[in-house]
C-alpha cells in the first residue's frame, strides 16, 4: 500500500468527517449559528441546466433601512461580482447576499433592485439607490451557462426559502459547481470562541485535483490517479462568506474576511489565476440606519488585540465549510454528458458507510 | 454690480467657451482624438423616461480577444458599477465601456455578455467568462428610474451608433443627468502633449449649485441665488473616462485615472458622500490577447518620469469635458414635471449669442 | 494691461489674503482650532543647512496608550514616509505626527521610538512595539540634504515647542521647502460646519510655477514670465494633515483625507509623478486604548450622509492652508546660492502693504 | 501512543526534512537559485544582544540606476517597514532589501541612503531621492531591542557578505527571532516550473505553538504539551520575500507576492493581529532605468494565464522556506535568560540523527 493510499485510509478510517482545529462548532455547525442569519436555496436541475441561487440574509428585517457592517477581501479578482465598490466605501450591506452563476449576476441584481423598491418605494428618489450584492462562480462545466436560465423569480424563491437549517452540497448556487475536479458546491460551518460565533458559508468551485489537501493530507495526487481521464486547466472560483456576532467595524471585518483565505489555502488552493476568490465578512452585532436622522449605533467595538481567536475561527470554519461542500456534494451529470464525481465516490470503499453515518448524525444540516 | 456678477460677466464676455490650461486640444477636442476610439449614444426621451446608454469603444475589433490595458481610480465609491474587480486584478478591458442609469446596469451587463457570446461562442466554455463593464449615475430626478426602461436593445443600438463625432449634453446616458443642480450629461475633450493625446469623456451628474466653479470662477453662489427654488442634497455621481495612445501599463493608467479627479476637483466637486465618482483610463497603444498561446505585446512602456505632461492633459481635458457637458446640455423636463435648467439659460443674457456662436464654431463636436 | 496682469491685480487689490469658500474659519484659522491639537517647530537655518522638523500633536497625553483614530490617502506615492502600513491596518496614530526632510526620516523615527520607550518602558516587551509616523518632502534645492543635519534632538525640540499658535511659512520642516518654484513651507487653516471643526496643516513643496492657480486665478504663467530664469522639473511633494473633532472612524477619516486632495488640485497641482502627495486625517473625538483590558470608546460615529460639510471644510481648509504657506513664506537663500523667492515679492507692488496688513491682523498665527 | 505522537513520528521517521509539493527545487533550494540574487548576513550574538541584519540583493549592479520590478502584499499590517509607499506607486526596487529588528529600521534606512549617495553623488539633487526598503520583525523576546544595537556598519557588513550560499536559522536578522514559540529565523527554498525559478526567503518570527502545522501535520498541540511552560500572546511577524526570473510586471508581482501567504497559511498561521506579515516579490528578468533618457525595457511579459505554476511555486517554496527556518534554527538564550528551543530538540529522540543527516546532506545551504 502506497503512502498516499495510507493517507486516504487515515482520512476515511476515522468514521467521521475530518474536524478542523480545536475550537468548538456551534449547534448547527453552520453560518446560521450566528443568531439571525438564514440561508435559502433555489435549485435548477434539469438536463443541461444545473444551476441555482443561494441567498444569505444577515437579519430578517429591512436590510436597506437597517444596514449591516461588512467588508470584503479580494484574494484573486478574476470575478464578476457586483456591489463591492460601495461596500469598500461605506462598509455596509443593504441587501441579502446572493450567490449564483457568472452569467446570472445581472438577473439577480435586477431582482434585488426590484425587491428593494417594493419594500422601500422611495428607493432612488428621496432615498438613495440600492447597492445590489451578487457573487458568482462559473458552473459552465456542468451547466449550460449561456442559456442564462436564472430569472428574477429564482432569486425571490431563494429568499423565501431562507431558514436556519442549511442544506449543503450540490444545491442552490452550488448545483453546478466543481471543486478540485470533483463535485463542489455549498458548504457551511461555524466555530465559537470568547463568547462569539463565527460562521462560514462557501460556494466552492475552484482547484485542480492534484492540489487537494484534505485536513492536512495531500490526497490530490492519489485521487488524480484514480480520475486519470480529467485534467483541465482551472476556471473556477470560490466565494467565502463569514458572519459573526462580534461587534466589529468595517475595518476589522476586512481583517476577518482575509482570514477566510487562510482556510482556503490550507485546502490546497493557490488562489489560481482564473479563479475569482472573494471573501466577505459581516457582523450582526449592530445595524447602521439608512436615514441620517436615525440614531447611530453606540456600542463599543472589540479591541483589535482580541481578534486572534476570531481569526482562528474564521480560518477553521472556512476550511471546515469547504470540506463540508465536498463531503455533501453528490455526483452530478450536466450539459453534454459532463459529469463531476462526488469526493465520497473516490475515497476507499470503507468510507461510504462512515459517510452515511455522518450524514445521519448531522441530519440537522439538511 | 456685485463681485459675483462681475465674475459671471467675465466668463460670458469672452464670446467663447472657457478653455482650460495651455495644452492644445486635438482636432475634435473629443475622446475620439485618440485614434480608434469611438462613441455611440442611444437616447430615450419620452415624458417620464429621460435616460439612455452611451458606449465608448477603445477599438473597433474583437475586444474580448484583443484586450486593452486599463485601470480605475475610485474617488468616491457610492456607486453600483460592475466590472472593476477584474480590471483591478488583470488591468484589462474586454468589452466596450457602457454608461447608463443606476438601475439599468444589469440590463446592459446582460447585453454585453450576449454580445460577447455571439462574437465568441466559446465564452464561458473553453474560453473564460467575459467581464462586463458598466458604469452608472442616478438620473432619478428627471427620469423615472424605477421603470428600468433600458433594455439590451438600447445597448446594442448605442454600440451600432459608435462614431468619432461625439454628441454632447443631454444625450445617451447623459439624457437625464443633473450637474450642480443644472442640466448635466455627456461632455468630452482632449489635450495633446509630447506626441501623445489624452481624451476625456464624462457622464456628469454631480454637485450642488453653490459649489460650482467654472474655469476658476466660483459662480455657484450667484447662480444659486438665481435658482433659489432648488436646494436639495446631492445624490449625484460622475463617471470620468480617459483614453490615451501613450504606451502605459495598468499601474501607470491607474496613476493617470486619478488625475481625472484633479480636473473634477477644480470644478467645485468635493467628491460628495452620495456621489459615485469613478475614473477609468485605458491605452490604445497595444492589446493583450485573451488566449495565452498568442504572442504578448513587446513594446516599451513610457518611463514614469515622462508622465507629468499626460497628468496635466488628463486634468485639463477632464475639466474641459465637464464644462462641455454643462455648456452643451439643453434644458430638460422629466418625470413629475421635474426640470433642470441649462447653464446657458442662467448666464447673463449677453452670453446666449456667444454660446450660439460657440456651437456653430464647434459643430464638428456633434 | 494683459489679462493675466489684471488677474494678479485682482488678487492683490483685495487688501487681504484670498479667502477660500464660504465656511467660516475657527478663531485661529489654524489646525489648532481643533481642541487639543498643538504644533511645534524646530528650524535649522545656517548657510547650506536650511531645514527643520515640525510636529503635530493630536493631544497632550500619552499617545501610545491613548491612540487617536487616523487614516491616510496616498495621492501620489513618490514618498519615503514611515508608519503608513500600520495606520492602514489599525486606523490609529500612536505618536505625534512628524514632518521633516526626506533624508531625515530615519533620525526622527528613531527619536520617536526613544520618546515612546522613555514614556512607556515596556514598549516592545510586554507592550507592543511603537509605530513611528514621519512624513517628508525633499528640500534639497535650498538645503544640503546629504548632510543629514537633523538629529533626534531636533525632534524633541519641536515636541517641546508645541503650542496652539502656529507659525507659518519658512519655518520648521518648511524651512527649505519650495512650492511652484517659489518659497513654500508650512501653512495652516481651519473651517467650521455643523458644530465641528476641520483644521488643515500642510508642508508645501510641490508644483511648477506655470501651474499655479491662486484662489481660482491661473497666475502661474504670469509669474513664470517674471521668474524666467527658473524652469526645472518637479521634484517636490506635499504632506496634507487634517484634524477634526467630529467622531469619525478610520474608514470615514480615509474619506476625509482624500478631500485634502481636492484643495490641492484647486491650486494647480496635478499630483506630479515625482511628488509624494500624502494626506492624513485624524479625529480627536475619542481615543482607543493600547491595552486590550481598557474599555473601548462607545460613542456614536457621525452618519456618513452627514459628511459632505466636512468634505467641503477639508477641501477649503487645505486650499487655504496652501495659500497661507505661500503667503507667509519669506525668501530664502540656501546651499550653493540657491534662492527661492516669496510669492509676495512677485505680486504687483501694491500687494506688499496689504500683505503686511494681513500679517498684522493675523498676528496670532505667529 | 496518542494520535499526535504518531503524527510527530511520521514526520521524523522520514529521515529527512519534509518536502512540500511536487515541483522540483533548484540546485541550492534557495532564493539564490534565481540567477543574480545573493544574500548576506551580519549577526550580533552577545548576551542580551541577539539580533542582526540580512540583505537580499536582486542583482550585483547599481540598483538605484537599474531598478528591479517589485510589488508587495500586506497580509497583516502590524508592521513598521519603510519603503512600501513608493513601491506601491512605482513598482520598483532601488536598494537591496534589508531585514532587521523593529527598532533598527531607522539605522538601516539611514545606511541605505548613505550607500546610495556614495554610489550616486547626485542622489536627492539632480537625481531623485532614494527609497530605502527595510523590513522588520520584533525579536524582543530574545534580544534587548531597546538597546538599538544595530548600526549602519552592520548593514554594510551584511551587504559585503552577500553570496549565493544562504545560511539559514538563527543568523543575520533571524538571530533573535521566534516562531511558534520555538526558535525561528531565516529560511530559504526554491521551486522550478515551466523554465522559470521562484525562490523564497523568510524571516520567520510568528505564531503560537499550538497553531503549528508541519507539512500538513497539526503538531502544535503535541509540542505545546511538551513546552507547557510557555504560553504567551503572539507578538511576532514574518517577512516573505520572493524572487523570480520570470518576466512579470508590478501588477503580476503583487499577485505572486500574495501567494506567499498561501504557504504561510499552510503552516498554521492565521496572520495574527499583532504580526506584521508582509510579502514582497521581485523579478530579475529586466531592469528599469532611473534616468528617463535611458531606453526602457521592451521584452514581453508572461501572459497572466501562465501564472498558475508560478503561484504554486510561490506557495510551496514559501512553506518550504519556513520549515527550513525552523529546522535549521538552533536553540538560543538571550536577554534575561529568555530561551527559545529548536524544533529539533522537541521532536522525538529518533529525529535528531536524521536531522544531523539532513544538515550534512544539505551542507551547501550553509
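Read from first to last, the chains carry the letters A, B, C and D; within each, the first residue is number 1.
The rule is simple: a contact is a pair of C-beta atoms (placed from the backbone, for glycine too) under 8 Å apart; a residue touches a chain by one contact, two chains touch by 3 or more.
Going by UniProt, the chains are A, B, C, D = Aminopeptidase.
Every value quoted in this text rests on a predicted model; they were computed, and no experiment measured them.
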Pair sharing more residue contacts (C-beta pairs) when A-B is set against B-D: A-B
Per Cα centroids, the chain farthest from chain C (Aminopeptidase): A
Euclidean distance of C-alpha centroids - chain A (Aminopeptidase) vs chain B (Aminopeptidase), Å: 37
Whole-Å gap between the CA centroids of chain A (Aminopeptidase) and chain D (Aminopeptidase): 33
Whole-Å gap separating chain B (Aminopeptidase) and chain D (Aminopeptidase), where each centre is the average of the chain's CA atoms: 46
Residues within chain B (Aminopeptidase) bordering two or more other chains: 76, 89-90, 255, 274, 304-305
Residues of chain A (Aminopeptidase) defined as touching chain D (Aminopeptidase) within the complex: 22, 75-76, 210-211, 213, 216-218, 221, 233-234, 255, 258-259, 261-263, 265-266, 269-274, 304-305, 307-308, 311-312, 314-315
Chain A (Aminopeptidase) partner contacts - residues on chain B (Aminopeptidase) that touch it in the complex: 74, 76-86, 88-90, 102-103, 105-107, 109-110, 113, 117, 123-125, 128-129, 131-132, 138, 140, 145-146, 148, 235, 274, 276, 278
List of chain B (Aminopeptidase) residues in touch with chain D (Aminopeptidase) within their complex: 89-91, 249-251, 255, 288-289, 291-292, 294-306
